[in-house]
Amino acid sequence: MSASRPKLTVASLTAGFGENAAIRDISLELHANAVTAIIGPSGCGKSTLLRCLNRMHELGAGAWVKGGVRLDGDDLYGAPVDPVQVRRRIGMVFQRPNPFPSLSIFENVASGLKLSGMPRKDLEALVQSSLEQAALWDEVKDRLHRSALALSGGQQQRLCIARALAVDPQVLLMDEPASALDPIATARIEELIHELKRRLTVVVVTHNMQQAARISSHTAFLYMGELVEYDRTEVLFTNPKVRRTEDYVTGKFG
Amino acid sequence: MAVDTQVATVRPPLAYRARGILRGLQTGDEAAYLIVLTSAMAIIVLTGLLVLELFWNSSLTRHAFGWSFLWGRTWDPVFQKFGALPFIYGTVVTSALALLLAVPIGLGSALFLAELAPRRLSDALTFLVELLAAVPSVIYGLLGVFVLVPFLEAWVVPALKATLGFLPLFQGRFEGVSLFSAGVVLAIMIVPFIVSVSRGVLLAVPNDIREGALALGATRWETTWRFVMPSARKGIFGSIFLALARALGETMAVTMVIGNTPTISTSLLAPGYTIAAVIANEFTEATSDFYIHALVELGLVLFGLTILINGVARLLILTTSREAAR
Amino acid sequence: MSGVSFRRRAVNAVMLGLMGLCTLLAVGVLLFILGFLFVKGASSLNWAFLTKLPKPVGESGGGMANAILGSFKVLALATAIGFPIGFLAGVYLSEYGHGPFPAVVRYVTDLLNGVPSIVMGVFAYTLVVLPMKHFSAIAGGLALGVMMIPIAVRSTEEFLRGVPRDLREAAMALGSRKWRSIASVVVPTAAQGILTAVMLDLARVAGETAPLLFTSFNNRFWSPGWNQPTATLPVMIFTYAISPYDDWHRQAWAAGFLLLASIFAINIAARFLVSRGFSHSH
């Protein structure tokens, strides 16, 4: 199911704000064309870890990062690397859908592309393709120029996914993408993730263990900023090696 | 089991005990309500009175000139012929120039303070800029007369004439006091308003939008200009209109640097006059009732103009804050 | 890894730099104004200036004692007229403020706020100066007082609104009358904010000149009572600045510095109170 060459390598990553470290010394390898889930109780550092992967963490006040992240062998935190370019290679979808309110559906999907000055005629094909990949095309093809805010929550989230896909990233990071959605919308997102992994590497942060079990091939369990266990999903959930992992997945805490 | 007789039940003194549930003592509330209601009504009465007084005390000239007052070019107290056009012209031209200069600087600062500067620095700098708004008009006039005008004369106008002197806007002699000087002083005076209101509007734009844009790989400038600004656009226009309304009514600084001459000229370097300035200068010199009525009518025109612009501004800012709250 | 196009990065850098420059310009102007006034005016701000009357036209020396006192008088009157009305109306809007009539009151207050100060002067002239047939401190006080009203309304409403709902309900639950609960609980909680509001309101009108030009007018002598033309600092600054006398220019700078320093002091004190107030009540 998944290729063996790692796509993203995290090496001794430590990061935090001000005097506090939110994550400590995390190392793992994320596989290409696979979905990796990051689980753990609230405050364990899942979002921080995710945001370090596309260099969004450093935008916070007092934020700092130590250690490294490599994409296909390239050090993302190396001196000459432009964080803006990193974010083109590694896209992100947020917990609450955040379509740009002043733009139409079409313009939302195209917004990333417009930044690099792509001409209009090429845009249309790409927008359609992205919306199809996000399983939204059929629902919006007749109202591409209406406001994005007229869509339901689930549709808005798929719009945000389409927007992120339009710039052709190699990795897609998803921070609790379905937590603000109802069960039906959630199911559609999960289906989508299943499709997406064929072309991309996907990393999903989730507080929902059943979801992690459904969608991912590998799962990382974080607790209090540290990586407790990282393994194939079926192993982590049925036969965890660390006691704390077992306690968490069996619902003893968190 | 023993009856507890040791603890005497303490009761509040008679005056404070709960009385019967009858309505008896509602008067306190009613009296208070009446007092505050009266104050609120006083405001409406005062404003109505203001409008009425403006109308009553301009009746002579309104009846004499009718609407042609607005486009009359002559202002001649000796022959009692009064027209508002030179002043409307001066007011509009100086305000337009002020906006042209103040909007880029004000907006640039607002963007910097809202989007780029760290919060504490932004708060401190904003405080300083808002202090600028507290500087009285007459002080701007003082500095205008003794500092700005000589500066314009020595450095700016020669440079303008050298580069843009072919335009009719910059032709003719520059004597210091002029439409141009007034426009520049006004620009400095309205920058703080644009900064203050625009910054507030920008800060109200939800953070999701910035994160979404940055995650797409936008630079900071692109995030600010292409994604945050459009959401704040209406509110920013509102701030510009507010600044315009302020500029239209400015009196002291303008009258000290504009030259106070009721002529209409194409060159910005020539002296001019605004509605507020002529009222300030000539009110105490007005020898006849007719003259005073002409000045009050000018005040009425200015009043109408500012009400209109303020109204548009409020509408814009109100709709923006309602959208942001969604 | 190939970079983001050079053009985009260049645009980013240039625009960020420009925006910083604008801010620097805006802040720089303020510092320049303060500094310049200080340099030109502080040295002339001596005891003579503060205590003597103006000398006859053309003679050098003298001071602005009458203008300083006059400003105090006119501003005191303005506060006495404007703030109570504004405050009570603010209470009305915050405590009984739902429905069509309060909406009208708010709209009219906003309207009043937008009236140019010179028009306010015309209003006070028609209302007070014309019937009395002479200039007076009362007329000036009225003009400035009416200007203070909308600001007082808005600040009061804001501060009262900030008092939490549970506090009012607790007072009512104890069986107190609505007006009592407002007077003894809501207002004292917001007292500091209201004090700040007075100060800021005052600072706003303290520098106004235009409305005084034909209401309180001017006076080269003391003006006992309230019925006489009264010298005020802003009007003196204006008169002296546009005169041809160098000595008068010098005095205009001194007066300007005094006026600006006072206004800034009030503003800064008010802000300081606000920031302390929040930490105090939480």
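A, B and C label the chains in the order they appear, each numbered from 1.
Simple rule for what comes next: contacts are C-beta pairs under 8 Å (C-beta built on N, C-alpha and C of every residue); 3 or more make two chains touch, one makes a residue touch a chain.
Predicted model only: the values in this text are computed from it and were never measured.
> Once every inter-chain C-beta contact is counted, which two chains account for the most?
B-C
> Averaging each chain's C-alpha atoms to get its centre, pick out the one most distant from chain C.
A
> Could you give the separation in Å between the centres of chain A and chain B, each centre being the mean of its C-alpha atoms?
A distance of 48 Å separates the two centres.
> Starting from the mean Cα coordinates of chain A and chain C, work out the distance between those two points in Å.
Chain centres of chain A and chain C, defined by C-alpha means, are spaced 53 Å apart.
> If you average the CA atoms of chain B and of chain C, how many Å lie between those two points?
So the centroids are 14 Å from each other.
> If I count partner chains per residue in chain B, which residues reach a count of at least 2?
217, 219, 222
> At which residue positions does chain A touch at least two other chains?
Chain A, residues with two or more chain partners: 84-86, 88, 115.
> Specify, in ascending order, the residues of chain C that touch 2 or more different other chains.
Within chain C, residues 4, 8-9 contact more than one other chain.
> In the complex formed with chain B, which residues of chain A make contact?
Within the complex, chain A contacts chain B at residues 54, 56, 59, 61, 84-88, 91-92, 94, 96, 98-103, 111-112, 115, 160, 163-164, 167.
> Which positions of chain A touch chain C when the two form their complex?
The contact residues of chain A facing chain C are 74, 81-82, 84-86, 88-89, 115-117.
> For chain C, which residues count as touching chain A in their complex?
The touching residues are 1-5, 8-9.
> Under the touch definition given earlier, write down the residues of chain C that touch chain B in their complex.
Listed in rising order, the residues are 4, 8-9, 11-12, 15-16, 18-23, 25-27, 29-31, 33, 36-37, 84-89, 91-93, 95-96, 101-102, 104-105, 108-112, 114-123, 125-127, 146, 149-150, 153, 175, 177-180, 182-183, 203-204, 206-210, 213-214, 217, 234, 237-238, 241-242, 249, 252-253, 256, 259-260, 263-264, 267, 271.
> Which residues, counting only chain B, touch chain C once they are in their complex?
So the residues of chain B touching chain C come out as 18, 25-26, 28-29, 31-33, 35-44, 46-47, 49-50, 53-54, 56-57, 104-109, 111-113, 116-117, 125, 127-129, 131-132, 134-139, 141-143, 145-147, 188, 191-192, 195, 217, 219-222, 225, 245, 248-252, 256, 276, 279-280, 283-284, 295-296, 299, 302-303, 306-307, 310, 314.
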